[in-house]
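In the two complexes that follow, chain A is the common piece, with chain B as its partner first and chain C second.
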Partner chain A sequence: MKELLISLNQTQKVRLQAALQHLAELASQVSSSNLAVTVADTIPVNNEDGILKGHGTTEFDGQVVATLCGIVERVNKLVYVRTLRARYKPEVGDIIVGRVIEIAPKRWRLEINFSQDAVLMLQSMNLPDGIQRRRTAVDELNMRSIFEENDVVCAEVRGFQHDGSLHLQARSQKYGKLERGQLLIIPAYLVKRRKQHFHHLEQYGLDLILGCNGFVWIGEHAEPIDSEVLEDRDKIPKDKQRDTPLEVRRNICRISNSVRLLSALGFALSVEAIVDTAEASKSSNVDIKDMLGAEFYVQTAEREVQRRASLLRKKRFV
Partner chain B sequence: MEYVSSLTGFRFDGRRPNEMRQIRGEIGVLAKADGSALFEMGNTKVIAAVFGPREVQNKSQQIDNQALVRCEYSMANFSTGDRARKPKGDRNIISYSADHGSKYINTFDASFSGKNLKQIDIFLQVLQADGGTRSACINAATLALADAGIPMRDIVTSCSAGYLCSTPLLDLNYVEDSAGGPDVTVGLLVKMDKMTLLQMDAKLPAEIFTDVMQLAIEGCKAIASYIREVLLENTKTLECMRGS
Partner chain C sequence: MPAKTVVFTNVRKFDGDKFRWLSSGEYIQMSGRAGRRGIDQRGICILMVDEKMEPSTAKMMLKGTADCLNSAFHLSYNMLLNQLRCEDGDPEKLLRLSFYQFQADRALPDIEIHDSWCPSRRCIRFFSSIAHSARRASLTTPSTAASARLPPASRPALSPAHHPLIVPHPPARGLPARLRAFFSKQVKALEKERDSIVIDEEESLKDYYNLLQQYKSLKKDVRDIVYDPKYCLPFLQPGRLVSLLYSSYDKKSSVSQEQITWGIIINFQKIISHVEDKRPENSQYTVDVLTRCVVVKEAGTKKSVKIVHLKEQGEPAVISVPLSQIDSLSVVRIYIPKDLLPFEVRENTLKILSEVYSRFLKDGIPNLDPEEDMKVQSNSYRKAVRRIEALERLFEKHEIRNLPLIQQNIQVLHDKQELSAKIKSIKKSLRSSTALAFKDELKSHKRVLRRLGYITSDDVVEVKGQVACEISSADELTLTELLFSGIFKDIGIEEIVALLSCFVWQEKLQDGRKPREELDLLFSQLQETARRVSNVQLDCKVPIDVESTVNSFRPDIMEAVYAWAKGSKFFEIMELSSVFEGSLIRAIRRLEEVLQQLTCAAKSLGETEMEDKFQEAVVKIKRDIVFAASLYL
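Right, the complex of A and B next:
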């Protein structure tokens, strides 16, 4: 929340206050059933039998008690607390973005904002040549040519092993090393699980990856490369390789500033919201650097109020 | 000295004997910490930062099925009335903070729940010291831990009480604290009604001690209800901002 230090003048303060007030009202209209709890609050269950206690709950004196701050969620008989500001909790199949912190025998260790480091095994990722075969000792020695320390990598959660470690896999062209872009780290609760986490923003020539762990990648669009093309590219000397054009760099900054802004306001991130914010900044001639300024901050909050209000109206109409 | 006015029954700073100083808690004051909080009790001001649960950095310290909780406590040089001189040897400071750290850990240990926690670091810094820094630190740490989303069985709060001029006094400030009377600091798991910290550095008759302790417990409960209010407010705001 404190990522941005914004000094608002008096009018802006009043406008922001009004916008936040509106948001609170809208939220109460949308769902009145949301129950917020804090640590050691009793969760009311109507003494039905066979309640299943999920994450963030414990039993004390025959009552269900929350151990976290968050929102109570009920799925059939399961009662659990959905946290807001907490570290990422992996689920199998999540698409995540991480940073390599260590190369160990046959595996990379990745920082993914989880309570432990994630493991990406050499055998659970596609080799650059694209051939399916056993990984040899030579491959193991060449691991650093695939990912080095501090590389940003996109992968999928494979599952927990017996020893409790978290394993990842990258068995597709879309996964792998991410280059030519920016990595933003935002609270994980702002990214919702969707069908699609890879987005190609054609009008900007960008790739946007919303990692479920709150790592957001914004980079120049890269076509999934076939193995033959890759070999050709390797032949080109490093200094002849194409630089990212200035326009694309600007777009990267604009999109990443929208992400920063939305996360500072605490709004859930979606492609639509990010692109809308970027478009709004463009249409009202806001400079990239001014996107993090006070005026646009307030405007974004006000626009969000309108968006949610219209959503609510549509829902009622249907 | 007369710490409680015999005429009006008020204390130096105008409080009644069983009145607490104004408390204020703020969550999320630091950007880079997993959880952070600022807690004020009157003029005492403490900032807390929590990192983790994260991978254990020193593998030899790892404990199975238990979280490794580290705590560092320090006082800013400018926190007291006279600006503290720069310490000569570093070793002194380290042992001091290690000692204090273990005290805080003992206070919290009973309240941590959850199996797969790794390492949790708590950093406490006193920005302004005006008596009751220990209580303020514990309260700040509770807020920061809850903000970091670390599962806890209960909320730990702490409050101090003293006995001066034959009156039990709640929440001593610096002047009252340095009067040399007994100072009872209590840490309480409020819902479970269990005590995690009880400390006194003077002698008191048993029946008076019970009264003083009871007063401190009441203080803890009052702080707990305030802390929960702050946490609930924060949770609601976050959820409402996130939208559905």
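Right, the complex of A and C next:
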């Protein structure tokens, strides 16, 4: 558990302790034997033959040894370590949010919390005019008009090159520059892979993107631009001066605070959990700034205990 | 390779059996090469004909149609997994936009579609035929002649901008929607028509109608029992009068009705069926009956015989009718002359029949009583008879029976019921038209992937799935399972190559030698895995034959590939197996492809030792003549 920067009074401390204790018990009921290892721990394999040593493992003196901290997972004969607080490990098809750090020939370099910078080639993204064509030298010179340094960009992992570098692609209207919102950086393991990572929270007028790399974007909802509307593009720059309404700004803050809160508590982030937390803060009249306070912090932990307990009960009945 | 001119040095081609004429599809494909894009105005095609050719053969070849282009699309696990791991990837959407789906939609029965309703459909057919003839014309003749030779009606269509029908929408997406709209419109129209029919006292009339239907079906049941060959065969003696059902076509109301006439039994025959069944009561019989018919003789075709009523115009003829066409058997038998061949004899016999008919005109010719005469003793018969009696009593009590316009009303109600049935059937076909091709397959494939732990219950790809994503050149499920069973870990590189050769070799050899013991052991492990995977698929309702799938992995070239990986010369490995050189080279090349994919798979697992092993295997097999870019060195 991350070191908490919140001062709790005595009763709150006791309540939090109890809630965390309860959560640990529930977790042990659900999964039977999750072996946690640190670097150089031996992973017992019972002398089976043909063990496949996956990520985070190596062989040392005839034994399988962990090279990362995390939880040992097994699939048939494959043994690997699922890391918790390591850097993000990309997989093809992941949705990621990143920040542009450099513009290189025909490519942007993005920081995505991977062991190296990701590469977004000019040719692997849709041009703003939406026309499919060869990229010319002019396009190359105009790259800065698409993304500049420090822009926040959303893209999809395309694959690894032979030299091990990571390539991204943004071949759809929903990928691209993200504006008018907040970027939060949380541990990547808290974002579970789901079918959907783009969420449109209609009741708040927000877009929520849970990047698999632990970058979470909360911003004002932007309608994807259809190719038919492209003719009216000239009007859009004028529109740009428009300010985000105060109500939407508040919503952005509320949602991002619930993300902060959940990640501080180490709970997996799902859109339901985030919205639940935001709704709970609203209904109990907790101010946005007080969401990160001690009282709501403890309340959130207790609510999670209840939720998981009821889930477990349901599972047993089924 | 672009070319200006195509020369056919011969118009015949060896097809493995004999020299045959080129087919029109082949001709189109080959001559289509002529003319370089952007350089030549037209391509030239020269045909060297060194023998006499029938005009019809030439026409078939030069002006025949192109080969059909049918989608061979199928759903593979690899494709499905690759779709599932992208956020945008929606396998259903992919299937819906596929050419396969388009063809399936087009193949929907269009019997009920009036042309006025479906312009898009007509337009497509029209357009494709135009495009086709234009293409054909440009292949065989200069283009100026082509447009002149097209039928005048279709010529404007060559400039689509002026033609209102061609422009509107891409057919692939528009067609199903259009069809749906068409169907629902038709349903609405029919419903309106149905609702416009208003009948007085509809409820009671419906009641009566239902009774009538029941009565009819019961009568039929009784008839089926009584005229079962078991009971009626002894009574089919020559000379017995029978009443026959025949359908007469009423020109005024344009409906065909079942009517009854009389005839004389001459003989009966058993229909010889292929089914081996010795009992007489189970065979089919036909009865030869003398009755009045109209014989229509059309030039060139077989003459057709139609039964008409005794009183109508027609000639006496003996025809054979199935037993089911006999309505009833009468008690009356008349003497029939021995020789019925002369026309007059038959005419006279029919005269006797008419005489009998007119004598019994008052209360009809008496029929054989099923119970007393024919000794029908079956419970179902008695039950049916009792029910008929009960129904008859109900009829008498029914108040509606005595209304004046009962017959017309019944007819109207009948029409209304027919309309309802039609609406129902259209709605059904509407549902099937929206159904996605491969829908069931998609479901069962996903079930398999879940069962084997490739994806989670909410369609997120797991570790195993990511490995299977990399493998597209071999059976992805079996190979992934094999990889995860750790079999590749303990065996040498040559053995790995030999084992993988079973995935790429599909030809069946008659006298395939068994490989040596250690390779055979590996092969049996492969078979075991394949059987397990196939059984899971079968459990998940994928239509698959477990044994044939297991046997599709062939061990025939294991030895040869093993030797190749060991560094043997190509002529040496050719001695080890009795296959064609080309097949072997193809197999080894495919093997290299699979090894590359396995390298990627091992990389995504993070298993570096295995990755190195597969890479080394690639190095070992990728050499010499097998991987030469061309044989013309």
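Everything below uses one rule, namely that the second predicted complex is superposed on the first by the 300 of 318 C-alpha atoms of A that agree within 3 Å, B and C clash if a C-alpha of one lies under 4 Å from a C-alpha of the other, contacts with A are read in each partner's own complex, and residues count from 1 in each chain.
As a convention for this text, a contact is a pair of C-beta atoms (placed from the backbone, for glycine too) under 8 Å apart; a residue touches a chain by one contact, two chains touch by 3 or more.
Quick caveat: nothing in here was measured; it's all calculated off a predicted structure.
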| item | value |
| --- | --- |
| Room on chain A for both chain B and chain C (clash or fit) | fit |
| Chain B versus chain C as contact partner of A:7, first or second or both or neither | neither |
| Partner chain(s) touched by A:308 [first = chain B, second = chain C, both, neither] | first |
| First (chain B), second (chain C), both or neither touched by A:70 | first |
| Inter-chain angle, chain B to chain C through the CA centre of chain A, in degrees rounded to a multiple of 10 | 130 |
| Comparing the two partners chain B and chain C, which touches a greater set of residues in chain A | B |
| Partner chain in contact with A:132 - chain B first, chain C second, else both or neither | neither |
| Partner chain in contact with A:51 - chain B first, chain C second, else both or neither | second |
| Which of chain B and chain C A:203 touches, first, second, both or neither | neither |
| First (chain B), second (chain C), both or neither touched by A:150 | neither |
| Partner chain in contact with A:285 - chain B first, chain C second, else both or neither | neither |
| Superposition-derived minimum Cα distance between chain C and chain B (Å) | 10 |
| Contact residues common to both interfaces of chain A (with chain B and with chain C) | 56 |
| Touch list for chain A against partner chain B, complex | 1-3, 20, 23-24, 27-28, 30-31, 34, 36-41, 56, 58, 60, 65, 67-71, 83-87, 115-117, 164, 189-190, 265-268, 304, 308 |
| Chain A to chain C touching residues, read off their complex | 48-57, 75-78, 80, 91-93, 95, 156, 160, 172, 193-198 |
| Chain C residues within the chain A interface of the complex | 85-89, 453, 458-464, 466, 469, 481, 483-487, 489-490, 603-607, 609-610 |
| Residues of chain B defined as touching chain A within the complex | 28-31, 34-35, 52-55, 113-114, 116-118, 146-155, 190-192, 228, 231-232, 234-244 |
